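Next come two complexes, and both contain subunit A; in the first it sits with subunit B, in the second with subunit C.
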Partner chain A sequence: MPATLLPGGPIRATRDRVTALLGRHPVGLALVAPYAAFIALVFAYPFGLSVWMSFHEYFFTAPGAQVDRPFVGLRNYSAVLSDPGVRQAFGNIVVFLLINVPLTVVLALLLATALNRAVRARMFLRVAYYVPYVTASVSVVGVWLFLFSSGGLVNKALGPLAPDPSWLVNEHLAMPVIAVFVAWKQLGFFILLYLAALQNVPRELYESAAMDGASRWDSFRSVTVPAVRPATTLVVILATITGANLFTEPYLLTGGGGPNGASTSPVLLMYQRGVEQGHPDVAAAIGVLLVIGVVLVSLLNRWLLERD
Partner chain B sequence: MRRTAVPAALLIVAVGLAAGCGSGGGAARKTDSARGPIKVWLSNNKEEVTWGKAMVAAWNNQHADQQVTAEEIPAGKTSEEVIGAAISAGNAPCLIFNTAPAAVPQFQKQGGLVALDSFPGGADYIKQRTGQTADQYRSPDGKYYQLPWKSNPVMIFYNKEIFTKAGLDPENPPLATYDQFLAAARRIKSSGAATAAIYPAPTSEFFQSWFDFYPLFAAETGGKQLVSGGKAQFDTAEGQRVAQFWKTVYDEGLAPKEKYNGDSFGEGKSAMAIVGPWAIAAYGDKIKWGAVPVPTSTGKPAGEIKTFSDAKNVAMYSACGNRATAWDVLKFATSKEQDGALLQATGQMPLRAGLVATYPDYFAKNPAYKGFADQAARTVEVPNVPNSIEVWQTFRDAYTGSVIFGKNPAPDALKQSAEKIDKLVGQP
Partner chain C sequence: MAQTVSGASGQVARAVVLFAGAVAFLFPFYYMFIGSLQAMPDTSPAGALPSTGLTLGNYREINAQVHLVRSLVNSGIFTGGVIACTVVFGVLAGYALARLRFRGRGTLFAVVLLVQVVPFQLLLIPLYVLIVRSYGLADSYPGMILPYAINTTAVFVFRQFFLQLPDELFAAARVDGAGEVRILRSVALPLVRPALLTVVLLTFIGPWNEFLWPFLITKQTDMQPLAVSLANYISNVAARAANPYGAVLAGACVLAAPAVALFIVFQRYFTSTNIGSGVKG
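Presenting the complex of A and B:
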């Protein structure tokens, strides 16, 4: 039967097509448009350009400069993957994440739980943990240099037990020190996430656990930890993403990724290759590999943390 | 799913369009004969800003129709990073009085620089002003994309009080040969006169080798650059000797392997430093200092020793519209009168042939600077080669790994980095 014979057929068909294209509330598109434009300009365009650059011979030029930018296939990726410096940087960031992420999760959850129960000086403690997060890395790095340099406070306290070479010039200790530094600096933010999650844990669960004779530790393990699991997933993923973007600390704390490349991060290498040395195509390839790595690790984290 | 289809599609199209628009288009060719107002950038060094503003005021007084605006280079991690970004954005000024020679190959590759030979008498002006040293600043295509402006030839600065405390002669310190230098350094350390005999930055930044390995390499080889004729020059007996000297310094703890957060020489932590003439004004009367040329294995006479120039030059940038004015300003700013004013204001050495003879009054009044002026006649610049920064980073990585941290033997590290560098300078 032809559609035109149905009452209201053509109008309804047109409306269906519009609904199919724009959704039931087209005004929603207008409302999300500014954010979509922001995402497109600030995230999607640079990312798209990076992917494009990574498959071409590309360098920054003055406007109007006539240069060829030939497609080079996987050449940049091959150069990156065969570079021992790049492999070392990715290895370094794995070490960093293996220390930083668990440390962040454990400390943030324990401190948030303690802060949630603290009656006295609760606000002071919350602010105290949050201050490092909002303080510029450059100034906080200065404090850690004072603490962890050869003649610093930590070595003075350790006396003959101080490591030799010292923390920041010891290839086995430089990255762990950075991982601890970043965990300490960002702790305030993750504590806030956990505090918000803890507000939503029903008190009845704790009361039931107490009725069953659970100790504080049992209650923490059997009630708190499962109840804040969505927050833990978020903390792990955010800590992984921010950790994989490590730049300032190896740049400032260990003098450009030292000693001997032991604390070089992929993003620091991207800066060196892309900005200092004028090879943004190679830097883009490192960036794309880093994005792929972070996405895979985040998916793995999510799968591990959210499965029943 | 369907609800997200349209925004997602729009996003993809936007990305595709934007990415596809990445390449540059045709450019209007700037005329070299245009005149009018121009902008210049100065280093953010206080003394240079003072000189620069006075120079610009003097020019503006005489050229009402071609006014110059001077600004300090905008803040960034490095000046080179800011300049590179300005070239890409097309908003670089006409002249930058702080162009690092090591960055020139990259700026040139970006299409950001104007060849100064394109102006009538351009190359001759540079050669006449700077003399034979000007050859080091020529690009591989034979053109000058930078005007050699001023150098800070590096020497060994030493603290006379620390030397006295260590029982060393503060007026004629035994620092000419490697053996003498090491013996003096051991004495400083063992006497406890200072924490470190010398304290070069042991960090990984590409430019740090300019202040440890390179001056001694220039001296040991009689003036060879790191790369010459498309080949690395340091995997040689001379290069090995210099590397071994520094390795001994680090192995014996005469120089720390950790960066000092402050001014180790100024704070009396280190007895010696490798510095340019800027140090005279910086340390002034605060420290009783002396200066000697960098050591060589055999103790060459001071008059034969070459060193790293640590020069900063002036370049004209392709975004400049009024290039004829810019060229005239460049000549005005590097005239005998303005070079004298720069010397007076900053103590840095204009890259001008016959410097001491040109400004006899200044050096008579400021004898402390004369040693640096003599040294300025014997300087070695970084090589003007493709991938210059990557070359230096490759060398630095090999040097820190082997010489400073002893991870692998220095001869092997130098050999491997020389092979990598040979490839790098062969690439466009």
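Presenting the complex of A and C:
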């Protein structure tokens, strides 16, 4: 490299050509190379492979074995779409999202607004709110299992109002409990996102709203909510992605998507069909459909939230 | 007058909301800890405040079942490997994306944005095929680490950090004739400490808490991180134990403690601005 720093005819010409080809700081290419290779190896290639697998007959083989993997068109997709278990799992995710996303947005915005104006104990409250977010799902699932078991604290406290069958083995309540669990666990992160957005709302907007005689609720509705709308779009999209990725909770909290598949998620199904039963091609098709679903829901949300 | 009354009642309402929130978030953790110390589970509301009969027996039980130390070492190696790769390669990538002009930078940045929205679970099956079947990395640390090796949010945090450093810093070094590598080493890296702590914190919670991936690729119990061995205990063994919840909660406390402790000690490096910049780019 030092040679290029010297003034001189031929060297300068070489340098110009290098600049035209690789940019002003070619060393940047070397610095990003490991990360770019990582993206290619762990995201881009598997992404392509996933789509490819979903259109072929694919099964597990011993390392290095050469086998024929014939193109089967949409066969994996029609197998997936005609499978009642798959339809149930996608339906479960719709139930999950209808409960989880509104709950997350409302509670996160409410707590962030309150926290933004709080004077005392801010640090304590902030930490209290994101402790569930930083803790392993497996760990907090342990205590929720205990709390919501048929003889657990929640049912003891409810007494005669306790549901029967109990929460996690009740086919109408299993998915809602999971939706509430995930909202509870992720809320701290979304509160942080809203806090960042709230700090960018100009104070004058609140002052002029107060001058117009707006109540606290009015100014929340007419100033805060529109001002944090981009953050809301982000929260809704991230919460949707989190919901689509659901695996640990149905696997552990409701004992493998029970009762009778009432809390099975598409990812749990991908694991069961792909790894346990050895049909990775079918599992890949479920994955592709899941991502298409997430993209459609995200676009719909964005359109709903950002139109005027 | 009316203004101050509504102000006071507003403050009370706010305090109630904030406090209720804190209780809802913290109570399960308190209950987890208390439950892990009880020899017999007492699930009545009064049992949430036990005065006697606390014991460490549940910790002995879970240790006998899942070998806590071995699992913690596995979790530590998995997490440490991810943090090391993320810090080393993430700093380089973040610096280059923020301060250097080179061909392909815009493309790479667009790809990175895209990566953040591709759900990992879509890649589950192909990654399993590649890492377990093609590369033969089942039951190995590299196999565990590879899909998590460089945390993209961390790259964003580093990039954001280097973007906000004053240009004069870099201009002065260039005038002195320093090369780009030299500038990175002696100007940028010595300043990176605050971003480094944020990155370590948010990278830590990924692999330490991750269940699905290590669960898929570790079949040997002596290679499983704690999240996996505890989950296996919950789904297979617990039903047969004398005080199943006690042992589960003891394991849950051991798994939760390092993350919770780190975030309490270093909480000021995990703020809305840090995370906001990471997510929004």
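The rule is short, and it goes like this: the second predicted complex is superposed on the first by the 269 of 308 C-alpha atoms of A that agree within 3 Å, B and C clash if a C-alpha of one lies under 4 Å from a C-alpha of the other, contacts with A are read in each partner's own complex, and residues count from 1 in each chain.
The rule we apply is simple: a contact is a pair of C-beta atoms (placed from the backbone, for glycine too) under 8 Å apart; a residue touches a chain by one contact, two chains touch by 3 or more.
In this text the structure is predicted, and so the values were computed from the model without any measurement.
In this overlay on subunit A, subunit B clashes with subunit C.
With both structures placed on the common chain, the touch criterion links A:Ala284 to subunit C but leaves subunit B unconnected.
The partner that reaches more residues of subunit A, of the two candidates subunit B and subunit C, is C.
Contact with both subunit B and subunit C is seen for A:Gly23 once the two complexes are overlaid on the shared chain. Of the two partner chains, subunit B is the only one that A:Ser166 touches; subunit C does not reach it. Looking at the shared chain after the overlay, A:Ser219 reaches neither subunit B nor subunit C.
Contacts of A:Ile39 after superposition: both subunit B and subunit C are touched. Residue contacts after overlaying the shared chain place A:Leu145 against subunit B and subunit C alike. Of the two partner chains placed by superposition, only subunit B is touched by A:Gln66; subunit C is not. In the superposition on chain A, A:Gly258 contacts subunit B only, with no contact to subunit C. Within the three-chain overlay, subunit C meets subunit B in a clash at only one of the listed stretches 164-172, 236-244 or 254-262, and that stretch is 236-244. Within subunit A, the residues touched by subunit B in the first complex and by subunit C in the second are 21-23, 29, 32, 36, 39, 44-45, 47, 49, 53, 58, 60-63, 142, 145-146, 149, 255-256, 275. By the touch criterion given at the top, residues 20-23, 29, 32, 36, 39-40, 44-45, 47-49, 51-53, 58-67, 69, 85, 142, 145-146, 149-150, 165-166, 168-169, 171, 255-261, 264, 272, 275-279 of subunit A touch subunit B in their complex.
Interface residues of subunit A, counted against subunit C in their complex, comprise 1-2, 5, 21-29, 31-32, 34-36, 38-39, 41-47, 49-50, 53, 58, 60-63, 107, 110-111, 114-115, 117-118, 121, 123-147, 149, 151-153, 156-157, 184, 187-189, 192-193, 195-197, 199, 215-216, 234, 237-238, 241, 244-245, 247-248, 251-252, 255-256, 267, 270-271, 274-275, 280, 283-284, 287-288, 290-291, 294, 298. Looking at the complex, you find that subunit B touches subunit A at residues 2-3, 6-7, 10-11, 14-16, 18-20, 22-28, 78, 80-81, 84, 87-90, 92, 106, 109-112, 201-206, 256-259, 261, 318-319, 387, 389-390, 393, 397, 400-401, 404-405, 407.
Contact residues on subunit C toward subunit A in their complex (touch as defined above): 6, 10, 14-15, 17-18, 21-22, 24-26, 28-29, 31-32, 35, 41, 43-45, 47-48, 89-90, 92-93, 95-97, 100-105, 108, 111-112, 115, 117-130, 133-136, 146-147, 149-150, 155, 177, 179-181, 184, 205, 208-209, 211-212, 216, 227, 230-231, 234-235, 245, 248-249, 251-253, 255-256, 259-260, 262-264, 267, 270-273, 275-276, 279-280.
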